[in-house]
Structure formats: structure tokens, C-alpha cells
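You will see chain A twice below: alongside chain B first, and alongside chain C after that.
On to the complex of A and B.
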């Protein structure tokens, strides 16, 4: 069928071309229209509205709003809650990022060398990625309970004392960070495994002949340089995910104790959807977006480099 | 090659063998310790969900329950909160979102990959930009609009921000780009409309990409909390994470037997699906990174 049609094609192409181009134009626009409408309604128009709101004093339910310039942004700079949230969010990223990237890489390298047990480890480490974090957060809360939780029961058993992981201000954020790592290590491991399998085997054999006998040498001369682009990519995606921390805070600590686990998205949520300080929340969202876009620019840059590798 | 390098002396060989054995023990020791950390919450969730309250409240490290209390915990959880309703809400929401996402993204991805039309380049750049914007950014204006329209507390409100997946458009565009032009041209000359070409010829070929995207989308929306928390206050409409939150609040976090039973019920669908289709899940969720 298709051979016949192809044979016919060249003869009629010229006359066909103009009409075909028109059909293509119309169907192209037609096919893209639903997506364009949704893109406008869900992303572009709200983005514009958000920008405008951040320069006003609008509050949900209020009838009028006036232009206040940068007042919301200078308010944010002076707001202790916002400053603390920003600091805590960055601190959270600073803990989760090296932890989940480093451990993800280490686990990937060790799992990559296994043959029979590889799929078992892959499955176990990936399991937290699919689990509903809110449900698991409730379980973590129980695990870490000062009196009833098995973690403290174990610590008492070995004589290490008792820790109120979630109600001690200095421990709350690091504890949430450990849970964040628990969920991210498997994800990063899989990305690193993909990177590792793309490294040609004969490179290692060549290195062995050249005298790179032990594992650390091989890692430093081959694995690490060739894994570089993937590592950059994992660092950026992990930063974005960690920067968006919200779920565990909302369920386990609600920003407490004493504001020690207040984070940016939780602050935006409270201001925008609990206190209805809409304009102020819009300004905070603009700041949030600025960070996300900064990460995205780095990511685009990294992806671009990956293509040329 | 390895044999050529090995020293002829038997003693050296034994040392190397012992070294490798020790290495293996260390590697497995490390990996198993990590695996235990990964599994700890799951195992403890299952065990606690079948323990009676007095065993939960005696804070000793006893692993297996002396008295089986699973029936009581699960039936309490199921009767005091509409857990199955939450799970059904999750299924409904994920299914509707996925169907609309595909209905919108497939033709758009095809148009971007294979058709010349004015504004194509602009649309593609906008798609790439939108790729970076998480739902938390347009959340405020969308919330105001839904409140004005009286649409808060509806299934529509939960789903609408996700009807457009720029990620799906991007992924399918990349996939369709590799589809041979000759076949499309032949179908055109056979009198097939572009509509038929998209749905009957090109889409079936994109099955792996669609399956991977489906996993990605379902996992993301089954587990999403931020947006449902904002637009839903009616318990009956809650998807699983929000339902879990309502339930935990109502139980004031003390009835751990019932709480872990509820957590088990709401986590089970995805975890079981993952155990059955491991490869597809891993590929689907991580394809953002690999592709």
C-alpha cells in the first residue's frame, strides 16, 4: 500500500505542496490550541497576575487594592518569620543535598558491581520514592516518638539517652532532613546507575592494564570524570526537590518547635491560604520562583553541556 | 587478562582471594545496613498495624506482636475514616488527570514535532519555560479564580492545574521527532486525515513513552499534598495524602495502631504496583533525568 503511494508522490508533489502546507498550518494550530489555551490559563496569566499582586496590598475577599510598590518585598526582608524560613530552607538543602547525592552515588557504585543481588537492592532503595510521603511521615513520627518510638527504645537500650527528635528546636530540621534523604537516596541511586551503565567496560580493562589496579584509582580516573555531567544533573534536581520541602513540615512539625522548622513553602502556604495575606504571599512566591528559575537556568546549562559531551 | 596478572605463587592468590571476600562482606554489610534503614518505616508500619494498644504503649523493643490485633486496627481505621473513599478519590483524580494530559499533549507534541505552523517556535520555548514552574507558583491566582467561580471543594479544582503537562508535551515531541516522515507522508497520500494519523499511526508507536509518563504522572498526583490541601476542605473529596492528614488530625496522633493501619491502606496501591512492575516504575519516575 505504502510503496504504491510513495511511487505516486513525486509527480503530484508541486501541486500538492501549497495545499499541503496550508493543511499543515491549520492542523498544526488546531492541534496546539488546547495546549495553548491551558498554557495561558494555568501558567502565563496566573504568572502575570502573581506579579501584579505582589506590588499591591490585595487581600482575598477585599474589594479594592492599591499599588504599594516594593512594600511587600521590603516587608519580607524585615519579617523574622520569612528570614527564618529562608534560612531554614537553605539549611535543609545544605544537609539533604550532600547527603542524598553522596550516599546515592556510593550506593549506586556498590550496587552496580553486584550481579545476583542487584535488583534486590535496587528495589529496596527505590521503595521510599513510590511511597506516599504523608502516610510515611506519620509512621516516622511514631518511630521517632520520645517515649513510644522504637528509635528511642533502641537508644535507651545502648545507653545513648533519649531524644525528642521533633520537639527539640535544634533537632527538628536535621531530623526532617534525614527523612528527606531517606526518600531521595533511591531516586539519585537510579540516576547514577543509569550514568554508570553508560560507561564503556573496556575503559576499566584498559585502566587495569595501565596499572590502575585498585577500586579507588579506577573511580578517580574513570568513573568520576565520566559521571560528571550526571552528577551535576542530580545535584540540580535534588536542590530543586529539597528547596520545595513542604509535606513533612506540614504533617510532622508545622514549622515548630519555636519556628525551627519553618520553611519557605510553608510560610507561603500560611500567608496565602491560612491568613489570606494574598499580596504578601504573592511577593514571597515571586522570591520562591526566582530561586527555582535560578536552579532551572543552571539545569538548562548542564543539559546543554550533556548534549555536547 | 586477570589470570595473566596473577602471581604464580599460591600464597599471593590466597591473600587476594581473602581480600576479595573481605571486600564483599564489607560491601554487603554496608548495603544491607542501608537497606534496613530504607525498609525500617515500612516494616514498623506493618508490625504496628497488627499490634494491640498496650503493646504499642509499652515502650520496649519488641518486634512481633504477642497478640494479633490486626482485625481491630484495620476495621477501626476503615470505619472511623472513609479510607477506601480516599483511595477511590486518588484513582479517579489520577485517571482523569492522566487522560486529559494525554488528550492535550499528544496532538500538541505531534504538531511541534512534525507540522509547520506559525508560532511553533514560540510555543516550544514557552513549553520549556513552563517546565520549570512548579504548581506552587500559579497557586495563588488559580485559588482566587476558583474561589470567584465557586469551584473550591470540587474534583475539578483538584485536577485543573495539572490538565496541561508541559513535560508530556516535551517528552512526546522528542519521541515523535524520531518517527519516520515517509510513513506519515504515505498515510497522507492514502487520504488519511492528520487526526487519524496522530491517533492511529503515531500514538501507538509512542507506547513506551506514554507508559513511562503515565507512571510518572500517577505517582506524582497520588502523592501530591500542597494543592489539594489548599482547595479541598471537604473530607469526602480528599485524595490519599490529604485524607491521611485529616485522619491523623482527628486521631490526635495517639492511636498508632489505627494510624499505621490507615497508612498501610493508603500506601499499598502504589507500593504493590511498584513491586509488580519494578522496571516500568523506575524508568517512569526517573526518565526526567535519563532522557
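On to the complex of A and C.
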């Protein structure tokens, strides 16, 4: 091929090679264009607008806006609502993350041990993932109702008294966290099951001969180390999902009672779409994105190291 | 060092028996190989000895005492897996040392962080480290101790797996097809190394393989298994020279033995393709039998000496495989259909292009099997009377 083209007249070669290269280039651009347009329209342009807005005093419906520098950000730092919602969100993540990862792993190990009933349990635990959380939130609202709900009926039956799970300030956020865990456990279980299935059975047998006599030894020697990469992945995805809590708050508590379940996304939603403080909401969103970005960077770093054996 | 005795080991998977009452006595320091085609139950048997699989009936005894109630790690057996089953997250040193760590450290001394509280842990780990280095130097893998299994070649992984087995000083080594994941050249090399390792350690080895060459080259004794039974137990040479069953004859030896259909004549002598073998079998006249002839026991008759008056059963040279030191000749013989008769001849043999030839073999070297495939010891071989071998022309059908 190369000798052939060398033998050609330079002009002819350029014409031939040039057209070929052009066609290839156009084909490549043609394939990439739809994705690039979508990415621009849905992600990049709005992100740029968001960044610009966060430095202005724009309000929804206004015709002009003034550059205010970092005023929105300094306002956020001093805003008790924002600080409370930030604290609540971190608290929510702190409950949901260990709960849904730990329980997801436990359920996965138990389900992995089943033979005939495995697919049944997989389905049972995975159902909450497939359900629409808004609809499920309504169901939970009924379940937890102080007078009508079966949960309180059961608690009354065993003499534990009656709890207003969603209207008692100290209970609202933990209750939402339990619902969040309920939804995440199934997904984490499936990820852990995939990890468990990829551990060769030979290793457990070798470990048994080498002296791993009980479940704890086997777990510590084989399961846990070999699930390590998967666990890191689950932790990062769970953190991001938990950080984005919105639906249950919006449907069930609306940030109440007394702001005890105010979370970041809900605060942004209120500022942006209820009070129309668009620029301020944009600034809050930038802060929120910074957190998500931090998680994503950790994830990329961890995923890079995933193939360490 | 230990004797191993299997008493009536039976294993059923569902209704189908995989092992049918296996009895086997293995002497102290013996290298015993379980050989057979896949699905014959050899791996199940070794897993029962290891304690990885419970038997349905029967008992495993080590040094005369039953070990059926013991968990795998309590049995003082070490196993080398076909896949090596190395722990991918541990270094070579960690892999080899794990059996000792499990043995000498309690659970809390192995827990992350909490283990740092143990005062004696450091000393124990140092002892284990020394032991691991000693084993590694025996296997010449000291330089690899810091590496993870993923960074090792197949042969190196094999050695690490051996090291992990050796470090415990077990009574019995169990090896489940340990060489089958290696390439051909390395397999030949590791065969020698394993045999030497056995000679050095003088421990009882129980070795499972489907490769008859491994069985023949390394073992003190070979147990050939088929469909959950032991067909024959004996020294490799015995299995080769006096196969107890047609399936043993077929399995042991490469290229495989030539099996020719035969019919027992009026005087009890087998007739192969119309040619009578001068021996008495004691089998009922008219029953069918099989005659086996090893490829090295049969050869084309010297050219240029056609026997006059012979009924000609033409053997035609189909193919000659050059193995360097020898040729494997494939002959078509009328009456055998597509099945060729194989002859192993020296490389200097003049097989040339003479398509048609006579095949000749020594009747004393023929193996006779009855209709069930069991070996029949012939008597009254003419050879013994005359003192010289009776040669028999397959093509001719008459004695010479």
C-alpha cells in the first residue's frame, strides 16, 4: 500500500488520500454530532448558564440581571435554612450509606447461599428499585400514619406506643433514611451478588483446607477482600444517590416538621421554583454539584484501581 | 507420612451413583494415581478424601483411624487444585503462609486493626515468614514472594500452590489434575519435578489425572477408574503389560492399543479376522471376544517374502506419521471398517510405498478379553512348547 502510493504522482495521491480522509472525518463527525448536540443542550449549556446566573441577582421572570460577584455564595454560607439542609443531607447520607451498603452485603450473602429460592429473594429485594419512589412514598405515608397505618397498629399491639414518624421533628429524617435504605438495599444487593458470583468456588475450598473453619474466617479471608473493588463502587454510587434525596422529602414531609427534613435539593427547589430566587438557587446548585463532583472523582480514582489483582 | 485406606466409599448425586463402593489401601509414602476419563469419579473421590464432599457411605481412614468426622482443615491433608486456587489479593508469601496463619493465630489476632493489639503476633508472623521462605527456597520461588498471583506465569503459580500445600507438612498430598493447565512443554518438566518432590518429601501423594502419561511416569501405583469403579490397581508396568480390562488396555498407552473383534472357535482358540490364534482361552465356543495388540507388537511383514497359498486379507498403508525416532503406521485392514490398525516401527523402517502388505504379530503378545471386556489368561500357547514365538499373519489367516 505504501509503496503503491509512493509510486503515484504526488498530486493524484493527495487528491485520493485527501478525499478518503475527508470522508472518514465527516463520517466520524456525523456519528458524534447527535451525542454532542444532546450533551450541549442538556448538560453543558445549562451548566454554563447556571454558572453565569450564580454570579447575578436574576429572578425568574425578570428582564435584566446585575453582576453581584460572590454575594450569592456568601449569602448561602450565612443562610440558616441552607446550612440546616446541608447538615440534614450529610446526616441522611451518614445513615443511608452504611445501612444500605451493610445490609445490601448481608442480604446478598444470604441470598447467594440459597439455591432454589435465590431468584425469588432476588426479585423480592429488587422490587423497591423498580418501583416509582413518588408512588412508594405515598404508600409509606399511609403505612406510617399515626392512626391508620399498620406500622403503628403493630407497635400499639406489642405495647410500644404510637409514633408520629413523619411529623415528629426528631423522627422525620431517620424515617426518611430508612425508606431510602429500603430502596437502595435491593440495588446494592444485585451489585454484591454479581461480585459474589465472580469469586471462584475453588478459593473457598482451598480456604477450607487451609484452615478457614467458619463463616467469619471465610468472609474475612476470601469474600471481603475479593469484594473490595465492588464495595468501593457501591459506596460511591450509594453516596451520590443518597446525596440526591428529594422525592420522599417533596412528597412526604415538604422539609418539615420545623425544617427537620430540609435537604439540599429540596432547598434548591424551593428557592428556584417556589420563591423564584433563580440566581440564588443557581449558586446553591453550584455548591451541590461540587459535592457530587467530589464523589465522582473518588469513583473515577477507585474504578481506576479496580484491577489491582 | 501416613497410610490412607478407603473402605467402601460410595457417592450418589441424586439417584445416579458416582462412586460404587471404592476400596483402596494406600501405603505410607506411596505415589498413587487415580486415572480415568472425565466423569469416572476420580475427582469426587479425592474431594471426599479432602473432606470437601461428604460420601454417601463408606469410610476414609488415615493411619488406621477414620477421619470422616473431621473438617477439611483438621484432616492434615493438603490439596493442589487444577486452577491452583491462589488467593488473588495476597502476595505469594501471603498465599503460602495462610495455612500457618490460620493455624497459629486466633481469630482476633487476624482481624484488621485489632490484630495490632496482640503482643505475640509479630513473633508468630516472623516464624511463619521464616517457614514460608524455607518452602519457597525449596521450590526456587524466593524471588517471587512479594508478587501477586496475577503477575506470575502458569508454572510459577503451580509452584506457589505446591508451596501452600507443603508448608503445612501434611500427612497426605492430594492433587487434582495439577498439570492440566500448563502448556505441553512445562507439563513434561513439572512431571519430573513432582516426582522428585515426592522422592524428597516421602509423603503420601494421591494424584488425580486424566492423562495416562502422567499416571505412567510418576506413580508407584495406578488405580484406573471407570464409572465409579476401580477397574485395575497396580504398578504402571502391570497396567500396561497385563491390562485387566479392555477399557484399561484402551486407556493406557499411546498410541492406543489395536482392538480387533474375535470369535472363539470350537477348541477355545480365538479367531481374529479369520485367523486362529494358537491358544486356549477356556471361553465357550462361539462367544465373541476382543483381541488387543499394542502398536509396537505388530509390524508389517518384510517385503519381498509373500507367502504362497495365503488367503489374502489385504492391509493397505493409509498414512505414516513421522515422530522422529519412530513412525506410526496406519493400516486399513479389510473387515475392520474405518478403524485403522496402528503399528509403531523404528524410524529406519522401510515402509516405503508398498501399499499392500501383511501385518504380523506375536501371539504371545496379544491380550484377549471376553465379551464383558475382562482379561482372559490364555493357556497352551504354542510358543511355550516350541520355545520360539509363533508368528501370525493377519492377512493370511494361517500360521506360519
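Just a few scattered comments:
Convention: the second predicted complex is superposed on the first by the 285 of 309 C-alpha atoms of A that agree within 3 Å, B and C clash if a C-alpha of one lies under 4 Å from a C-alpha of the other, contacts with A are read in each partner's own complex, and residues count from 1 in each chain.
Criterion: contacts are C-beta pairs under 8 Å (C-beta built on N, C-alpha and C of every residue); 3 or more make two chains touch, one makes a residue touch a chain.
Quick caveat, the model's predicted, so the values are computed rather than measured.
Of the two partner chains placed by the overlay, only chain B lies in contact with A:28; chain C stays clear of it. By the touch criterion stated above, A:216 is placed in contact with chain C alone, chain B being left untouched. Residue contacts after overlaying the shared chain place A:208 against chain B and chain C alike.
Shared-chain residue A:55: touches no atom of chain B or chain C. When the shared chain is aligned, no partner comes close enough to touch A:291: not chain B, not chain C.
The partner of chain A that touches more of its residues, comparing chain B with chain C, is B.
By the touch criterion defined above, A:228 lies against chain C but remains apart from chain B after alignment on the C-alpha atoms of chain A. Of the two partner chains placed around the shared chain by superposition, neither chain B nor chain C is touched by A:92. In the superposition on chain A, contact of A:200 is made with chain C only, not with chain B. On chain A, the surface touched by chain B in one complex and the surface touched by chain C in the other have residues 205, 208-209 in common.
Taken together, the chain A residues at the contact with chain B in this complex read 1-2, 5-6, 8-9, 20-21, 23-32, 34-36, 38-39, 42-47, 49-50, 53, 60, 103, 107, 110-111, 113-114, 117, 119, 121-136, 138-143, 147-150, 152-154, 157, 182, 185-187, 190-191, 194, 205, 208-209, 230, 233-234, 237, 244, 246-247, 250-251, 265, 268-269, 272-273, 278, 281-282, 285, 288-289, 292-293, 295-296, 299-300.
Every residue of chain C that touches chain A in the complex is listed here, in rising order: 50-52, 71-73, 77-79, 81, 83, 85-90, 98-99, 102-103, 107, 110-111, 148-150, 164, 168.
Put simply, chain A touches chain C in their complex at residues 200, 202-203, 205-213, 216-217, 220-222, 225-226, 228, 309. Touching chain A in their complex are the following residues of chain B: 1, 5, 27-28, 30-31, 34-35, 37-42, 44-45, 48, 56-57, 59-61, 103-105, 107-108, 110-112, 115-120, 123, 126-128, 130-134, 136-145, 147, 160-161, 163-164, 166, 169, 182-183, 185-190, 194-195, 198, 219, 222-223, 225-226, 229-230, 240-242, 244-245, 248, 253, 256, 259-260, 262-263, 266-267, 270-271, 273-275, 278, 281-282, 285-286, 288-290.
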